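Structures for review follow.
One chain, chain A, links the two complexes that follow: it is found with chain B in the first and with chain C in the second.
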Partner chain A sequence: MELSRRRLLQGIAGAGAAGAGLALAGCAPSAAAAPTDVVDFHGPHQAGIATAVQDRLAFMTFDVTSTSRADVVELLKSWTTAAEAMTRGAAVPGAPPDDQVPPADTGEAAGLPAARLTVTVGFGPSLFTGPDGSDRFGLAARRPAAFVPLPALPGELLDPARSGGDIAVQACSDDPQVAFHAVRNLARIGRGTVVARWAELGFGKTSSTQGSADGDPGGTPRNLMGFKDGTRNIVGTDDAALDQHVWVADADGQGWLGGGSYLVARRIRMFVEPWDRDRLGDQEAVFGRFKDSGAPLTGKAEFDAPDYAATGADGPVIPANAHIRLASPENNGGLRILRRGYSYTDGIDATTGTLDAGLFFLAYMRDPNQFVTLQRKLGTSDALNEYIRHVGSGLFAVPPGTSGPDDWWGRALFS
Partner chain B sequence: MTPTRSRAACAAAAVLSAGLLAAACASSPQPSAGGPPATNVSIEISDAGCGPNPATVPTGPVNFAVTNPASDKVTEAEVLGGGKILGEKENITPGLDGAFSLRLDPGTYSVYCPGAAKDTWAFTVQGNGSAAADTSLTAATQAYHDYVVTEVGQLQTAAKTFTDAVRAGDISAAEQAYAPARVHYESIEPVAESFGDLDPAIDARIDDVTDPTQWTGFHRIEKALWADHSLAGMAPVADKLDADIATLKAKVATNTYQPAELANGASDLLTEVSTSKVTGEEDRYSHTDLWDFAANIDGARKAFELLQPALAATDPDLAQQLEARFTDVVNGLAKYRSGNGYEDYGAVTDTDRRSLADSVNALAEPLSQVAGKVV
Partner chain C sequence: MELSRRRLLQGIAGAGAAGAGLALAGCAPSAAAAPTDVVDFHGPHQAGIATAVQDRLAFMTFDVTSTSRADVVELLKSWTTAAEAMTRGAAVPGAPPDDQVPPADTGEAAGLPAARLTVTVGFGPSLFTGPDGSDRFGLAARRPAAFVPLPALPGELLDPARSGGDIAVQACSDDPQVAFHAVRNLARIGRGTVVARWAELGFGKTSSTQGSADGDPGGTPRNLMGFKDGTRNIVGTDDAALDQHVWVADADGQGWLGGGSYLVARRIRMFVEPWDRDRLGDQEAVFGRFKDSGAPLTGKAEFDAPDYAATGADGPVIPANAHIRLASPENNGGLRILRRGYSYTDGIDATTGTLDAGLFFLAYMRDPNQFVTLQRKLGTSDALNEYIRHVGSGLFAVPPGTSGPDDWWGRALFS
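Presenting the complex of A and B:
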């Protein structure tokens, strides 16, 4: 039996927890979830990639503790079913409420709208080949040639406790509790087969996939440095660009990944306090954009194309080591990635007393080498490096979407 | 080091919307605290042009205020003299305004606004003598030049002791000489960073380099000494370190500074402290971070002391606050003095590291305000 979140509430009330149920209901938004609040779960590609970026993120990676391939398959089937239901705003499917057993759904999203929830799953290189080189689940031969752990890159000082993982789950929603609820419930379902490895909550989107044409209702979002981020990002409706830069083609290698993508996750710590002490002119030179308008230093409006050839009295108008210059497709042989990052904070750094905050960078691409190429350049020369450090990292192969109720994440890989 | 930041201060400043900073790179002396009063000149840009008002001013500091009520076509104004841009304000779109200041000797100048029907307008400075900047700031920049030259001279000598020990394969002597050599680099690091690849060559950490086999400088040898316990293959790295320091010495001999560069360099030194020294990342093998920490503070304090008289004239409260906060940091560090240097940073507890960090952050915040007061 499946319960809508609203009916779940009634179920609780009917089961005798009337007081609690009423109190919860009293806090719930009165408007029913509008149809526009639901993002289609099934499709050729997983949702949560080209989807217009939601406001909040809950991200978690897992290590598989079971040695059984059947357990992993069972987990992925259960996860697919639960995620599809949660995406519609429904509760995690399970037995009807029973006083004698804990509810199938943890309940904190009851009464909340679907809030454009998407749940996106990816597989780490370690799922295919163990640290000792073992073929853990008979998948080693199906690992795409391009799918190797990221090499050591300049500008990073990685914490192993915030890196890697056999499986990653990205939940995005306009409601933080809906996103958290999704990963929490998948973690719960997975107990005994997987253990959580690390997690990150993103409190604000820093990228738009809506571009200048459609526009983001709130304007291009800003990162914690106060700059608009993702002005020139790949637009989620630009199928040609997505096919060229984001979706893995069947012909790229392993067929099971056709229609999928690669996810690079980087926890990028910002040195917020020194940045806040940097003079405005230098901040703008570091990015190559004006802070207020978001316009390139060679333009007037945000979406003006940067002119990297323009020179002023003392050299290039957009400095040689400006972030946008080094990251631009124009200066990287046309290379692009789809960015979908979020601002994070994990409180105060106990040693330095400074904010532990920054950008949880999420990017989707057709080949992990797109990121490696960009980061080799940025990590070496980017003016921004004075104020940031990459401290966590993960690379995941994101399987294609599911075709319907009988399909499940990774079916082609495990079949 | 600061990860591969080449400051290229003038190149960067030229694009800034803040005309003050752009002007800081012009060759003319800068207006500052004290001296003759400034004259205000307004430049209203339009499709027709950019006539200055007044078009004739007395010798001395001039504050230009640029406004653009309605022109989409003309969005910048420059003051030219002797064929050079002395000051400019770009990207003044309709409704925006901006300002920059110059100190101008008597002579004929022009105001230039590309795209206007009449794009060049005469501007005259009358009077006798020179508009030389406030003597205290001129003296400060000269004294800072001398300080950098002295520090790099000492760096060369101290580094030679270090590299000689490395070439001789004497691990113990090299370990002894490592931190005392570095302090003369850490005190002037923002200057070294302004010379492109020199700072990465001298001071890169392993996570700053793309290819570890191309890694050079102090930290490469630090790893050999404290982590690998072997100096095998380090002689060429020692030779290159000597050569890079010789290059640095030649460059600083002719380098000149603007007052704002002193202030910004001091801020950069505190950023160094709070992002890499407090965390123990800088000298992760030798744990000599406190030597570098103290040298960063010394370099910042030197720059501040040179600017202090001019700052005291314009903002005595800020000058006093900085004085007190420098003292707090120096006193905090003094607890860890040992012999002619500092204790092993590994022995400093997290609580004590936090206390050092808090005092640095309390100093860095007001220090970031100084550049705006001395240009």
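Presenting the complex of A and C:
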């Protein structure tokens, strides 16, 4: 029996308190989600990659504790069913409400709209090959050659407790409670098969995938350094760019990943205190852009193309070590990745009294080497390195989307 | 020179990149905040107490590191000026943009609306009397008799790293980036005088202060146990109830606190995993309410008055140890507090793989003993204790509001 979040309320109310529906009808108009609040779940690619970036994020990785391949398959089937329902704004499907059993849905999103929820799943290298080299679930032969743990990279000092995981879940929504509810319910469904490893909430998106043409209503969002981020990001409707840079083609070696992607997650701590003491001109030189407008230092408007050849009295107008120069497709043989990062904070670093905050970087690409190439360059030379450090990391192979109600995440991998 | 967030953009754009205003005008319509987005800063009481509860919270406490009373006064003046501007959706005031100096505002809220931001400040007992009993800033004689650190209470296991503080700042807004921006900028302004002690983000409100009459548009929000919370909370427009239970009267002993209040902050960890495994009927018995409708077990609709005398075949319909019974004014001599709590999560508890999540409880009252009385009862007898623990705590005296541009937080205390 499936219940919408709204009908869940009325359904239980009917069983226990006949008049409750009346009070609810007067109090929860936001529960009537507009059609535009729902992102399609099924499709050739998982939602939550090219989807216009939602405002908030809940991210969680899991380690598989079961040794049974059948358990993993069952988990992925159950997760797919639950995620599809939650994406529509419905409750996690289950038996009709019964006060003798635990509810099938934890309930904190009851009455809330779908809020453009997407749930996106990826598999870590450790799902294919255990730390002892074992073929844990008979998947070792299905591991793409390119899919190996990220090498040690410059600019990082990784916390193992905030890195890795056998499976990753990215839930994005315009309502943080809806995003949290999604990962929490998958964690609940997974108990006995998986255990949560680490999690991060992102309170503000730092990338748009809408570009200048179709226009994110809020404009390009700003990161915690106060700069617009993702101005030149891949636009989610640019199919040619997505095919070239983001979606894995069948030809990449393993058919099950065709239409999928690779996700690199990096927890990037920003040293906001010294940054805040830096003068505006230096901040702008670090990025290579004006802080207010987001225009490149060689331009006037945000979406002006940077002119990396332009020189002034002191040398290049966009400095040699400016972030946008080093990261640019022009200076990396056309290399691009799709970013959908979020600002995070985890309170105060008690040892220093400084903010534990920064960028939770999420990027999708057709080959993990795209990120490795960029970070080798950025981690070595980027002027931004004085103010950031990569402190958490994960790499995940993201299977393609599901085709309909009988399909499930990773079916082709496990078939 | 003061700049609105919108004009900040255009102002700097005019200095550095003449065409940027055009691109911004097309991309950031949300920056044009509607008048209803702004909560009045000045008034007899600080905003953020009786104000209709905003969706998101950023909370931070600070310890004063300076030994100078003049530094504390200067800090409070600067904070008041900055908070008033941010509340209007303006940038932190400062000198005109100059690339030779750090910006006066960190910038991540540029282009965002005011989003009903309120910033509320309170003083801890430790500001009046140091741990060694010293009169740190000549305030010891101004400390109200009722304002002593909370005693040890049942149901708590407090982490000192998430408790206390000389000064607390509560920023609430419908946009979490606006709330975070506010506390971050106060922390920045305070450097050299204060150091941040602990912080918490609240991602979803769990209390309404709007009651059934004027109706919160989203209905009564739900906590992470999936239950509606705050159904019988004090309504923010009920002046009689606020006077009786929330605002400190001059007669309470110290005139400087008249029109102010006391804030009790408690980080309440929920053990969501065992809760999620509990059957629906037991969950409802724990609270004394139906989960879906929020109606008391003796009623049909959320706002029906609970009937604590009603009995069924098994005894009281609302059990003797039900949360709402033990916390109710009817069973505590009419005692009430104003709650404006938020759900929080801080990721995964690595030792157990469980969610570190729960309720960040904020409550305002005219005497700290209101909370002590309730928690002595709840911490001992509440059926909810099986599923929660108080793990962080703070008590703060919240001065009254400011009367206008020349006033500042705590002026009467320091005069």
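We adopt the following convention: the second predicted complex is superposed on the first by the 396 of 415 C-alpha atoms of A that agree within 3 Å, B and C clash if a C-alpha of one lies under 4 Å from a C-alpha of the other, contacts with A are read in each partner's own complex, and residues count from 1 in each chain.
Heads up, the rule we're going with is that a contact is a pair of C-beta atoms (placed from the backbone, for glycine too) under 8 Å apart; a residue touches a chain by one contact, two chains touch by 3 or more.
Everything numeric here is computed off the predicted structure, so don't read it as measured data.
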item	value
Touching partner for A:F271 - first (chain B), second (chain C), both, neither	first
Partner chain(s) touched by A:G281 [first = chain B, second = chain C, both, neither]	both
Partner chain(s) touched by A:T351 [first = chain B, second = chain C, both, neither]	first
Which of chain B and chain C A:F290 touches, first, second, both or neither	both
Chain A residues touched - chain C or chain B, whichever exceeds	C
First, second, both or neither for A:N223, with chain B first and chain C second	second
First, second, both or neither for A:T36, with chain B first and chain C second	neither
Which of chain B and chain C A:G315 touches, first, second, both or neither	first
Partner chain in contact with A:R376 - chain B first, chain C second, else both or neither	first
Touched partner set for A:D99, first chain B, second chain C, both or neither	second
Overlapping contact positions on chain A, where the chain C interface meets the chain B interface	273, 277-281, 284, 290, 295, 300, 350, 353-354
Chain B to chain A touching residues, read off their complex	2-6, 8, 10-18, 21, 25, 75, 84-85, 88, 90-91, 93, 207-210, 212, 264, 267, 270-271, 274-275, 278-279, 281, 350, 353-354, 357-358, 361, 364-365, 367-368, 371-372
Chain A contact footprint on chain C (complex, rising order)	8-9, 11-13, 16-24, 26-31, 56, 60, 97-103, 105-112, 161, 176-177, 180, 184, 187-188, 191, 195-201, 203-204, 212, 215-220, 222-227, 272-273, 276-281, 283-284, 290-295, 299-303, 343, 345-348, 350, 353-355, 357
Residue ranges of chain A touching chain B (in the complex, touch as defined)	152-157, 271, 273-274, 277-282, 284-285, 290, 295, 297, 300, 312-321, 350-354, 376, 379-383, 385-386, 389
